[in-house]
Structures are given as C-alpha cells and as structure tokens.
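Labels run A, B and C following the written order; every chain starts at residue 1.
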Amino acid sequence: MILEFFGDLATPIMRGILLGGLYTIIAMGLSLVFGVMKLVNLAHGDLVVLGSYLAFAAMTMLGMDPILSLVMGVPFLFVIGFLLQKYIMSRAFKISMEAPLILAFGVSLILQNTFQILWTPLSRGLTTAYALKSFSVGVLQVPLVYLLDFIGGLAVMLFLSEFLKRTYMGKAITASSQDRRAAQLMGINTERTYEFTFGIAMAFAAIAGVLLGLTFPFTPVSGGPFLIIAMGCVILGGLGSILGTFVGGMAFGLAQTVGGYFFGVAAQMLVAYIMVFVVLAVRPQGIFGR
Amino acid sequence: MKFNVSQLKGKLAPLVGVAIVLAVLPVIGAPRTWILYLFVFFIYLIMSTMFNLLAGYSGLLSLCQPAFIGLAGYTLVIFTWSGLPFYLGIIAGGIVSALFALLISIPVFRMGGIYFAVGTLVVPEALKVVFLLWRPVGGELHGGGAGYMVKGVSGITTADTYMMALFVALASVLVLHYILNSKFGLGLSAIRDNANTAASSGINVFQLKLLSFVIAAFITGLAGGIFYVYQGYIEPTSAFNISWTMAILLATAIGGMGIEEGPIAGTVIYVMLHFMLAKYAGISLLIQGVILVIIMLTVPEGIMGFVRRKRIYSSIFQLITGRR
Amino acid sequence: MSQEVLLKVSNIDVFYGSLQVLWDISLVANHGEVVAVIGANGSGKSTLFGAILGEVHPANGSIEFEEKNITALNPFQIVACGISEVPEGRRLFPTMTVLENLIVGSYARKARSMKQENLKRVYELFPRLEERKSQLAKTLSGGEQQMLAIGRGLMSNPTLILIDELSLGLSPIAINDIYKVLREIRKEVTIILVEQNVQRSLKEADRAYIIEAGHIVLSGKVEDLREEEKIRKAYFGT
C-alpha cells in the first residue's frame, strides 16, 4: 500500500522537477531585470505569453513548428525588450520609484487586452505531434514536453552563466547591477547594458513562451499566475543566484504538481501562491541569497 | 491629534456644499443616467482616495484592493443569505476587509517596497482561486460558475445606493483630509520622505503604515459592499479582478498621486472615460493601459500636480477672489 | 616634465537642482603633475570630480581635456577619452574576484587591446593582487582593496587619474605603501588627488588647490603655499 502510494507520487514528483525547467526560464528573465535594474517587471508573465501567442500565430498562419519559430521569435522579442527599455522604461526610472512598476502594470494590461482582441479569450495551445508524446522510464511515464522544459531550463541557465562570466557585455551587466556608478567609471555605458539586459530577458521570455504553450493551454490572462510563480522562484532562490533560481523553479514545479496531486487540479495554483507568500514573508533573501 | 477647525471651514465648506447639492439630486428627480454616473463616480472616488492614502502618502503601492472589494462583497452575500439586513452586511464587509488587512499586514509589511507590491498582487489571485472552489453559503453549484445573487436587496433603488455611496465618498474625503492634517499625517509625510530617518525620530513606522492600510481596507470594503448591493450579484473572477486595480491606479495617476485633490480630479476624468469606452468593451482595458502609460511618461504628477506646478490654481483663485 | 595643460577646468558653477554647490571653479592639471585638492568634508571636492567625470554638468563654464571640450559628455565617454577615477570608498565589485575587477577596468574599447600588458603592469606594482587574484574583492583588507581600486583604475589606460580620498580608512603602514606606489605611477599618469591627510598630500603634490564651501580660496605651487600664513596656521599649526 505504502509502496503504491509512493509509486503514485513518483509521477507528480518527476513532473514537478521537470516542469521546474520551464519555470526557471520564466524566472530567469524576471530575475535579470530585477537584479540589474531593480525593477519588478509586472508585465513579464504577459510577455512570456506573448511569446506563446507569437509561436501560435507562426503555427496557425505559417504552419511553422513552434520551436523552429524561435529563430524568428527570439530576435524579435530581444529587439522589443531592447526598445521597451530604451524608450519607455528608462524614462520611468527617472521619474520615481513607483513609476516603472505602474508603467509595467499598464503594459501588462495592454498586452492582456491585445491578446483578447486578437485571439479571443478561448484557451489556446501549441498542439504539435510531439506535444502529446511520452515515453517510459521504468514505471514512470515521462511526457516529452516536460523533458524539453527541463533541458531548456538547463540550457538557459548554462548560457546565462557563461555569458555573464565570459563576455564583456556580461561583465558589464554584472558590474552595473552591483554598483552603477563604479561601472560607469569603468567606461561602461550603463544605459546600454540595461537595454541589453531587457533584451536578453525578452529573448528568454520567447523561449519560455514556446515551451509554455507546448506544456499548458494558455489564455490572455495566463500571464498573472506565471508572473507570481516566477517571482516566487526568484525570491526563493535568492536574488543574484542563477542556480538558486533553478532550484526555485523546481520547488515551484513540485509545489504545483504535488499540490495538484493531493488537492486537485483546481487548487494547484493556490498551493504555489501560498508558497510564494510564505517565502516573501519569511525569507525574502532566499536560500542562496546574499 | 491636532485638528484645525478654521482650516476645515475654509477648504471644506465648498465641499460640503457640493455634497448637499448632490444629495438633493435624486429627490428633485434628476435624470436616472446622472444618478448612475454619479454613483459610479462616488464608488471610484472612495477607492482612489483610499489608494492615494496608501500609495501617495504611506509609501504602500498596494495592488490588493480587489481583495478588499471581493471580500466585502462575499461578506455581504453571507450576511444576506443568513437573513441579516444588507446594511449590516455592508458594514461587516468593511470590517472583514479591515481584519484581513490586519492579518496579511504581518507578512506583507516585512516585504520592502517592491516585494510589497508583488506580495499584494498575489493576494487577490489567491482569493480568486479560493472563492472559485469554496461555497461559503448555499447549496451546490447550479447553473455553473461560482457566483452568488445578493439576497434581500430587491427593494433597494439606485437612489438608495446613490445616497449610501455619496455618504461614504464624503466621509472618505474627510477622513483623508483629517488624517493629513493631524499628527498621523505628519508622521506619514516623514515616512514618505525617508523611512529610516523617520524611524530614528521615534516614529513607529510599522504602526502608522498599518493604520493606513487598515483604514483604507475598511473604507474600500464599504465601497465594495455598496457596489455589490447595487449590482445584486457577485462572482469570483470579476470580484477579484485586476481591472479594479487598473481603474483605481488610472484614476489616481490621472489626478495626481500624493496630492489631496488628486483623486477627485482623476476620478472625474476616469468616469467620463469609463462611460465613453463602455461601447468598446473589448478594448476598454487596452485604452486604459495606453492612457496610463502616456500619463506616467508625460504627466506623472497627474493633472492636479501639473496644475499646482504651473500655479494655475493660484492664478485662477486670484482672478476670482481678487486676493492672494 | 612637460608643462602642457592636460585638464583645464574654467569657471564652472555646479548646481544640485536649485542648490549651488560650486562657484566659479577653475583648475588646471599639467602633464606629469600631481595636483592636490584640499578641503573639508562637504566643501565640494567630490562634486568637482563629479563634474570632471560628467556625472554632473556645470551650469556655466567649461572643462577641456587634451584641448577637447568634454563638458557635456557622459561618464563612459569621458573614461574613453582617458580619464579614470579611483572613487571614494573604493567601490569595488564585491562578489567579483580581484582578477575580474581588474578585467572590468579594461572595459573601454581602447583599453581592451592593452589588457594583458596593463594587467602585467598592475601585478608589478601590486604583487599582492596577483597572489590574491582569485579571491573575492570583499574579502580583501582595506589596504589591498585600495590597491585593487587603483589597479582597476589603471586598467583603463588613463592619461589622467582622479583619486578621491586615497588614505580613507587605511592603517599608517598601508598608507605608506600606497604612497610608494603613487610615486611609481606618477611617472606614467597625471594625478589629481583629493586627500583628508593634508600634510601627506602636500608632500607628494606639485601644486594644490584649497577649496572651501564651493570656492577655491587658494591655489599654487606647494612650496609657495607652505609659506602662506593661513595654510601654516590651519594645516601645520605653526
């Protein structure tokens, strides 16, 4: 009996860990912008969903495979992020502390409403042939997309790590986030680094959007819940820690799948929300935080 | 707390005068559309005045107004379904919101600035899920959805809710004014300028913020209750919806955050906007979002801030009264 | 030692909002000099550096570097011209290693190609930095941090270095070491030095400016200044 129980639990646990990869990618973009520019981009979740809808459009109008569409999606969203920071967000920072938050909020609602107009409130999904495949590992059934999520998470994590460590722009971004003034004294154009940071965050959002669409159905308002979870991952993992965000991703993936297993699908988000709230309240500096 | 009576007379006499005129409107048979417009105006005025208290004066960018509104609405439902009169339900709604604010303040105030905004964002989302699953009163779900009709309000006319809303709106403006001119308000200004310095001057930052938070929750809850008496039904997705936050943010931002008259000016414009956009229900939020972005980028201090900055106020005042 | 003018600050007024903090400041640094700027806290020394580096822009007057007008440029552009600052309090990147801090110092395009040579030179001047090159900056001692800050400043291949509060928070031994290095560095770069430790800075400098409440009250060659009655009384107590 007990063995059965754990056996049954094994599937949601495995799924939760793999799902963590997706949440890592979503959280990574949020974490970058938060860490470097101290901005909680309230529109981040919706920007990820933008990635989903763009892939959807590529699929339905061009017959393109979603992952393939990233070839267009990633540069496109990078540029959007770059311009968003350059022309809108940078102005907001000069106004007040709350202005960027409020602006992001506005952008969030603009996006949500645009999605609704263009694609109706009906839930959509990136249904490809492989989206439904799964294969067996021992007694476990591993859905292919969950595996893709995990691999994606690892890839993004490694990419970001290397980028920040080895490239000059990466070093500039790290420096700008630690001490803006000192970074300028090094000859770093901090405005440019912020634009790049936002662009990279959006590039990640594009990837996250595609994986999201493959994993879950999405609606115009799907952004909110994923923003909250991403925030949870960032805070749980500790600001400034890439590995921490990855661990956070898995924690929340587990919270969702295991929570769903015990309390039903309808309540699975609630478990995640409560966890976010608890983390915010109890240990806002996170596990790996400085 | 100090209370400057002569100042009260000077600035607020016109306000009370306007309120009396407004109160008389339904009695003398003003058109129904006017009553409706003004009703909506009062509701949003209450909410943005309280939001101004929080975000403009207490440094709390609170995104959990829908939680207060929705909770008050559901309290109303519970009361009316239990056979209690609706006005008790409204007051109870305010109290429940205030208690809820008190409850979440403990974790939420530990979150500095930005975290606070995110923490308050989570709350309405979580409550939405809770109320989609939980049926506090009544039997099984019928007809789908998790909504409720508000009982015992069939006899209540728009005029009645109008009067209630007017009363609470006036009260909320007075409460804000009273707070700002008291020692409490002084403490808030100090916190707004620099929380650390304020703390070392002996100001109990936590207590003052908590007081603001709870007061705002109570009064916002009252508005929610009155609104749901008017609407007659409640449903989780719209009750805890971010569109409330959007409307309140926009109204306050247009008028000017951190400025006392801000919400009044802002809500006037917002309500006009609201009714103009009513035909375009599909893109209403889109346009609101665009306007918010434009306002924040061009006139972040809002209309009243702009007016004050350009000293238009004092010039017109001079012109009219012939004195400085 | 050539006497050509490297940096020329002419009659600048600087405001923070509507508050004036610098009045009609003029200052010159010639090639190969060490120029000291002396003044109490709040006298405007850091603002002067801020103006030179483009962090604040003067309302009036001009700043020329190598005969180019740099008054309106941004900080990163000014660094690219060849001016570097060792900021007050060091401002190292705390979770980066010594080596990483130094590498970031060579971010400016011009300096990137010289990265290896400059690194070698910095290690020559500060052997201890090479020893500790994989250590996190925040784990260094005060003196070592100051060395790293100077080393980082040198990595951008500057022609002029501004040093803000060189000996702040350092032990006497560390201060001695730092000044020894300063005498080495001055052979390659022109230095403008802001120092609390007046006597020390006057020992090392060729010329000095005394700044009080946003005004330059006295300036000139250090030998001449030493004779000045006011200075002797205020700073030497004789």
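Basically, contacts are C-beta pairs under 8 Å (C-beta built on N, C-alpha and C of every residue); 3 or more make two chains touch, one makes a residue touch a chain.
Keep in mind that this is a model prediction, so the values were computed, not measured.
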Give me the step distance from chain B to chain C, shortest route via touching chains only. 2
Centre-to-centre on C-alpha atoms, which chain is most distant from chain C? B
Per-chain CA centroid nearest to the all-protein CA mean: A
Per the centroid of Cα atoms for each chain, what is the distance between chain B and chain C, given in Å? 54
Distance between chain A and chain B based on Cα centroids, please, to the nearest Å. 33
Centroid distance [mean C-alpha coordinates] between chain C and chain A, Å: 43
Mind pulling up the chain B residues that touch chain A in the complex? 55, 61, 63, 106-108, 110-115, 117-119, 121-123, 125-126, 129-130, 132-133, 242, 245-246, 249, 253, 257, 282-286, 288-290, 292-293, 296-297, 300
What residues of chain C sit close enough to touch chain A in their complex? 53, 55, 74-76, 79-80, 84-85, 87, 91-96, 100, 103-105, 107-108, 111-112, 152-153, 156
Write out the stretch or stretches of chain A touching chain B in their complex. 34, 38-40, 42, 88, 91-92, 95-99, 101-103, 105-110, 112-114, 116-117, 224-225, 227-228, 231, 235, 266-267, 269-270, 273-274, 276-278, 280-282, 284
Under the touch definition given earlier, write down the residues of chain A that touch chain C in their complex. 168, 171-172, 174-175, 178-179, 181-190, 240, 290
